[in-house]
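Both complexes below contain chain A, partnered by chain B and then by chain C.
Moving on to the complex of A and B:
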């Protein structure tokens, strides 16, 4: 199989990730933070090491402000629901995934205000439009670093600058970039960073994290045991415990740590260069197929490793679902089709409600994989003419 | 022989393991132990070191900015 669905979950993982998960699950999967016996201490150590590894990759000065979560969605929910109150205003974009759109919609029903800034059809968000949308009651700017559908990278530095000029914190949804595009948390002065562990960070599913800057205080959204201050019936006021109620996914988090170490050791620039080269090859190959509609910006360096397209043909477009099915069954190529949990993004790029076919190359794909994918799409497109 | 040992207690589990990493790096003998019940702290664990090493260890923690609650 040629796996081109890395934007949903990366596959395969680095060998070190498989080994770490297996090792921790076998030898250190007691309950971290709950006991002092040797295996519990090993579990604590595994979590500690993973926190340090995440911090190193993202240049985070305070690793104890990294909150492990089951996925990016849980991290985004913690950030959004922990911060935004009724009567307060959030600026976001019409390019977000439902993991941002839905919690914001829920809070809007409770009395919060939400404004969605409109990016261009190619997915470019103008930092000035974010700045212009900030009001006196704005308490959060929530933006994706790169859309999971169109891939265009958001100018996050300028957005942070604009928001900070008005004392508004910025939440970055780095679901499609963390581990592939460099994110320097301290350098950017980023307030909140939400990441999945199972995409470009190469961890297993069931992992993710939220980084919370010292200047930001959130209300916990999950309450329960932490193994600390067990005498109290309220959540501890110190991090990470305040936001980590319940037993952590110790083997998964250890695997996430191993994934981060892999990225540091390979070099994120090398990973990025490889993915950009694959995307460039894919975009150029698809552009040469007659009857093709490609979405997003042309510069592969201005996008995450995501290429969405539709076969328009001469008469009427092919259903992305049937293209995906044929790629899978006839060519053994795994892609994702539909609206990718991001209806706003598809509306922005003009592909709603049809959706699109998305190919997302990863670090372990080769130029040969891409060539085969282009040939397969060309073959399917020939039938559409 | 409890008199031969000192127990250093940190505010959080994270800091306890940060201390462990520093001690390991410095080659100082230590053991992670369960925090004695009568010491109030937010972490259930503590670091036990030889009493003879205490001065070196506490200086080391202070230099490294690894804040500890106290020594017992």
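Moving on to the complex of A and C:
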């Protein structure tokens, strides 16, 4: 199988991730922060080290402000529902995943205001349009770092600058970039960073985190045992406990830590260069296939490792679902088709409601994988009318 | 090490659990329900089979009404916050864990009413007291199946009968019983069942579930991508998708499934008998130690596999934390001390705020483990004044 669905879940993981998960599950899966015995202390250490590893990769000064969550969706919900109140205003874009759009819609039903800034059809968000949308009651700017459909990277530095000039915190959804595109939290002055563990960070599914800057205070989503201030019937006031109710996914989080350590050890620049090279090869290869419609910007450095396309042919083209099916069944190539939980992005690209075929190369893909994928698409496209 | 902290997290797990987690993480961790390629289909199957395994163990007719969560806390929050509205009334007990108490306190601050029924000092809840507490605006009865501190099992059948007579749904927190004490969901007519995966179900940490009966409709806590009805900016109306936003913990859930299969294959009655025998041996052994205060009911069949005690000595006794430390450092015995995230339970038992020492034998403990634990406690107690 040639796996080109890394934007959904990276595969394979570094061997060290598999081993760490198994090792912690077998030997250190007592309750972190709940008991004093030796195995609980080892579980504590596993969590502590993972928090340090995440902090190192993202240049986060306060590791205790990294809240482990089961995925990016939970991190985004904590940020959005924890911050935005009825009567308050949020600026977002028409490139967001449903993990941003759906919680915002829920809050809009409760009386919050949401404005979606419209990026260009290639997915480029103008920072000025974000700035222009900020109002006196704006309390949150929520943007994706890179669209999961079209890959275009958001100019986050300029957006943060524009938002901070109006004292508005910025939430970055780094689902498609964290671990592959460098994110310097302290350098950017980022307020909220939501990341999945199972994509470019090479952790297992069931992991993710939200970083919360010291200036930001959120309402918790989950209330429950923390192993701290257990005499109180409210959540403790300090982090990470305030937002980490219930037993954590110790083996998964340890695996996420191992993934971050792998990235630091390889060098994120090297990972990025390899993925950019693969995307460039893929885009160039696909561009040479007759009847091909490629979405997004041309410069592979301006996008995350995501290439979406449709075979439009000369007359009516091909349904992306059929293309995906044939890639899987005839060529053993795993891609993702449809609208990728991001209807607004497809509306922006002009591919709604049919969607597109998405190929997302990862660090473990090779140039040969890409060439085979291009050949397979060319072969399928020959059948298009 | 002799591990007697199974009420926090069971250890070890059946070998099949370790293997299933590793196998799924290595070979089937694509995104369930998100793509059509072979590995995504395998991830789908892993989740589907785990849902079926949970359904089989708990006699649940509709597996699609089992919502996978990262732990029991998230399941309880979904049930409580999803159901109880301001102005509505909840009946609960003074034996609950903070995973019930804290979300209820949060809702009370928003205008819900909460009444805590007082069990006896041995932790016995009178079903009549629950019945008597139900008012015209009661919309939820939330009770633990067995206290995590004192172990006393709640007469859930009678409580359900009393609540249903007033058309009030019942939420059962089965954190200390699921997998060890039989729970027949359809037989009981249970409305909401919250379970952790990492305790008696032998799954890894990071897993749990909420079962929601067809008669119950909850507001979601998390909003986000489901891979279904992706064109909508609201959550889909059908289960499990409505409550399962974001990528699931596929390897963890598969491990939870393997844990449930292990229980079905061993026979829950056999597991229960073994744990009851260990508890009986432990209680009898500890009762023979001079200066010992044992909490809870005498009949080991009337409690989950949890034995809490304090060395009260003749004069001032010993701090439970010191007892735990010595058990760990001198005898290699892992227990949990303190108030176990359940201050109300300790108030009921009369052990607040110091707490107690808790030993929780699991299916993989032996009579020899118990004898060594009793000897160690006896040795430590000899130093008590």
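Methods note: the second predicted complex is superposed on the first by the 384 of 385 C-alpha atoms of A that agree within 3 Å, B and C clash if a C-alpha of one lies under 4 Å from a C-alpha of the other, contacts with A are read in each partner's own complex, and residues count from 1 in each chain.
Quick note on the criterion: contacts are C-beta pairs under 8 Å (C-beta built on N, C-alpha and C of every residue); 3 or more make two chains touch, one makes a residue touch a chain.
These numbers were taken from a predicted model, which means no experiment stands behind them.
Once chain A of one complex is fitted onto chain A of the other, the partner contacts of A:342 are limited to chain C, with no touch recorded for chain B. In the superposition on chain A, contact of A:354 is made with neither chain B nor chain C. After superposition on the shared chain, chain A has more residues touched by C, the comparison being chain B against chain C. Judged by the touch definition given at the top, the superposed model places A:34 against both chain B and chain C. When the shared chain is aligned, chain B and chain C each come close enough to touch A:227. Of the two partner chains, neither chain B nor chain C is touched by A:129. Once the two complexes are overlaid on the shared chain, A:1 sits against chain C while remaining clear of chain B.
Shared-chain residue A:51: touches chain B; no touch with chain C. By the document's definition of touching, of the two partners only chain C reaches A:21; chain B does not. Comparing the two interfaces of chain A, the one with chain B and the one with chain C have residues 34-36, 227 in common. Against chain A, the residues of chain B that register as touching in their complex are 11-18, 20-21, 32-35, 42-45.
Of all residues in chain C, those touching chain A in their complex are 1, 3, 5, 8-9, 11-13, 18, 21-22, 25-26, 29-31, 34-40, 70-74, 76-77, 97-99, 101-103, 105-106, 196, 198, 204-207, 221-227, 230-235, 245-252, 321, 324-325, 327-328, 332-343, 352-353. Chain A makes touch with chain B in their complex at residues 32-36, 41, 44-45, 48, 51-52, 63-64, 227-229, 236, 238, 240-241.
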